[in-house]
């Protein structure tokens, strides 16, 4: 798809983002930070940042858009892109493509569905994806490839893994290990659990700013001037998966209120894609009941209302 | 959104549809007709029809596009539009907006979630919606309003309810009655079960051709030249619900392969919306494992590949 | 099995029951009456009655043992005995013999297990049993047979159905109708739902006193001097089912604390069997969290502690 | 309870056991050996052994009653007895007392019930029990205590752990590790998962013959001449738990057909208790669909039919 002609000018966009940041500063119900990862539990709910990356690479931004945060589950989008590049449709023998209807870390469906996770954007599915790209490699090789992919997408070499966050997650990874062991019991894990989970927690700990994350999302916008890292057909499929499954059991709500494919992370980040137009990143650590950034969701809703970027009309 | 400039010409579209119809005629794995409604069980899997309605009302079509079929669950889209018009956001106290992750007629989540169905496009949710618009009215009044809405949308007065199909569904409605009684037990039904279910089975029995159905879908396209029956904001929301929940536990698959908001019916019909561009209807009675038309899904996939109409890029 | 030699004398038993009744009068946490059946919701939690029927027919009793109450789900034991007499092992094609692990009125397992209820002592299972004995008969014939069976077992013709309770249950039977319709959808109901449910609510409304109920339970004690209404092998099986499933998802607790096969009813009654020794009935309308009489369970526990009647040693 | 007077003589019992062993030799449908533990998967379904231990310690036996086998989940009974001795009712803060209604290794209820297993006789529950008695001890201390308890109960010092079986289970323990990690995530595990699971797989690998196992079960018979290792009240409670939960989702079937508290192991063993009378052990490696020894269940049923030992009358 070509860059669409009705896009707001960068100046107009700047005004919109400034307005949103100002409005966000006034919101009193800012959600709750994730409590189960000590490094995240220490965060404040005060920060809010937003950035929009346009085809060509220009970034418009407001608020705390230059503060780094761990992207957490947003990393699932990048590992999915890498896995599809490596394995193609063979990936779908190990993970499904349907919304789960359950919480992000649920093990229930794994039991009822023979260890095949519903989709690659819930924890169990992302662990299976990580396991798939690990095959025959060392964790540091896979993490290296992930960083190269993200840096290339963002055209920014200053993107790293936050070791303290990774260590903190590793220490409280019981539930993710349970998911991995359960898949191992069903033959849906090929590497030692410790290796796969070790890789998984490190990819969750990739640290970026809103500005970096928005730029890194441009490869899914698919317009001229965007990095061409995956084929147009694959862009559509990844966006479809983000729309259907990117916000766990709050995906329907995000589609209804925002109308863009997006992926949230428990660190408070959200990456959303306006196909053909822009990539948007928000960050605010307070989460709503479904584990998605409260202010981020609200900001996305306001942005789409102002820009008309909903894919639904 | 304006009608998009990169739309294929009607001539090009005709060639595409002819090609699809020809290809569909050769498919050997045509799915299975719904077995639990006697009138539907008698159908053949041979027919295939497709129609595309463009803003302004022009309809391009191929195959068995002039044969009537009962729209079944596609009616849920029209009753949802009516209910939102009548009740606005109050409707959401009685039904959710999330994909269910379960089969179209599942009762499991109703039990776990206090009689509130996950969304208005599964059976339980649609029964709640029908119950909501029944309040204080007779079934024939509600059915009259539904027919008026559809006829207005399609600009076609020759759209009726197939009484034989309605009677056949009524006779085998045990599972839908169970859903209704269960909601009644939770206080989420306001009319006598017999009245609500009687209305529900009749709305499922509305009979249309592909050509009529495509035109009736134009009100969700939201471009100049389309009937303006609901507001642009509501169009976006209905389309979002169709994307997330329109194909039951096959919604993720439809989003992945087709990339358009759509709603299927067990009669073999599918209605899909390309926002700003067109409304598409297909019909072929053979269903896949999730209860969605096998050939219809395939045809939609081919159409989007040729036209580039996916909302995902 | 012969009447066991270590039974307490009637005088000793009277002293035990008097002590229990006195202790129950002092209990402050008396549970909550069932709220969903209007006639039951009007009850007080003040009454407590207990009666022990010994082989030969002697009844020892204390407290409100001469007040009538609707036996509710305790009737499931009598209809099970009748159904096994009529159908023998064929009954097990329609209902299982395992504890459900879920609440008494759960519909969840019905969906996952093709409309076959887990056991005959939860609502769905009892509805299937009632449907099985209805076949080819009128409700009043079946209810007549049930009353004859109970009167014969209790050697007391003054046992009737409380029509007001039956009417009250009929008016709020949504959930039971849902269970029946769901089974009908799976082909596990042979009569019209209204007929089966109409019979079911009337059998629940059989009214008895503790003294009558204890005597009516003697046919399951299986000692000389007990009515011989079913074979010894069948007595063992019915007692096994009562032990495993008689208190819904509180069956394990009753086995752990009391150690006798028993069946509770939402009207506040419990019938327990000490094989070879006695039948015990208690009544107190306040229910615990699992829907079983709070004081009744406690009284049974005290009685078994004093008498050593636990089947577990 | 005193030893009951109607017990068959040892000579009569020997004739009964010989008859059962002869009948078992002719059974063609012998079940399937457990496939998921390599050391067990190698077993034949040919062997069948049975032994009855009487108060006083006399053992009557037939068939392969002197062949050792790993007792597997039957060990859960012994660790439960130890845990109740150590912790008393505090144990119940970590595990419930209700039948699960699900398979022996299900993780589903753990998720819905905050990491508290339903009962101590399914895998999750037994892992919690092992974790509870580990607290502050080394695995070898706990395993030493377990062996001492069993040897004392059986009055036989020649009972050991089969290291090859333990190693085989450790290598395929993914599902049990998943259960443990899941409980750890809910704060219901106090020791490192590797320590608890390491202990757990070793206790499952205790090897005994039918004769040894029957004698080891005498402490639950509670008659004069039986080892007095736990109080009479505790005996009743352990027996109640075995009755309700000892055969996983086949517990109802065992109660219905056999009528004794019992516990099965995936190695093909079953231990059943006839309170006041005898302890019975059978062994045959072929399992039925619920994971319980096929011939063992059948043999128990025949034994109870001949002896009248059912607790249900």
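Each chain gets a letter, A, B, C and D, in the order it is written, and its residues are counted from 1.
We take it that a contact is a pair of C-beta atoms (placed from the backbone, for glycine too) under 8 Å apart; a residue touches a chain by one contact, two chains touch by 3 or more.
Note that the structure is a prediction, hence the values are computed from the model and not measured.
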* In the touch network of chains, how many steps separate chain A from chain D on the shortest route? -> 1
* Which chains does chain B share as contact partners with chain D? -> A, C
* chain A to chain C: how many Å between their CA centres? -> 55
* Asked: Where the centres are mean C-alpha positions, what is the separation of chain A from chain B, in Å?
  -> 31
* Whole-Å distance, chain B centre to chain C centre, using C-alpha means? -> 48
* Structure fact -> Interface with chain D, chain C side, in the complex: residues 1-2, 5-6, 96-102, 109, 118-119, 220-222, 232, 235-237, 239-241, 243-245, 249-253, 255-256, 259, 261, 273, 275-276, 308, 310-313
* Structure fact -> Residue positions on chain A within touch of chain D in the complex are 106-108, 110-112, 174-175, 177-182, 184-185, 193
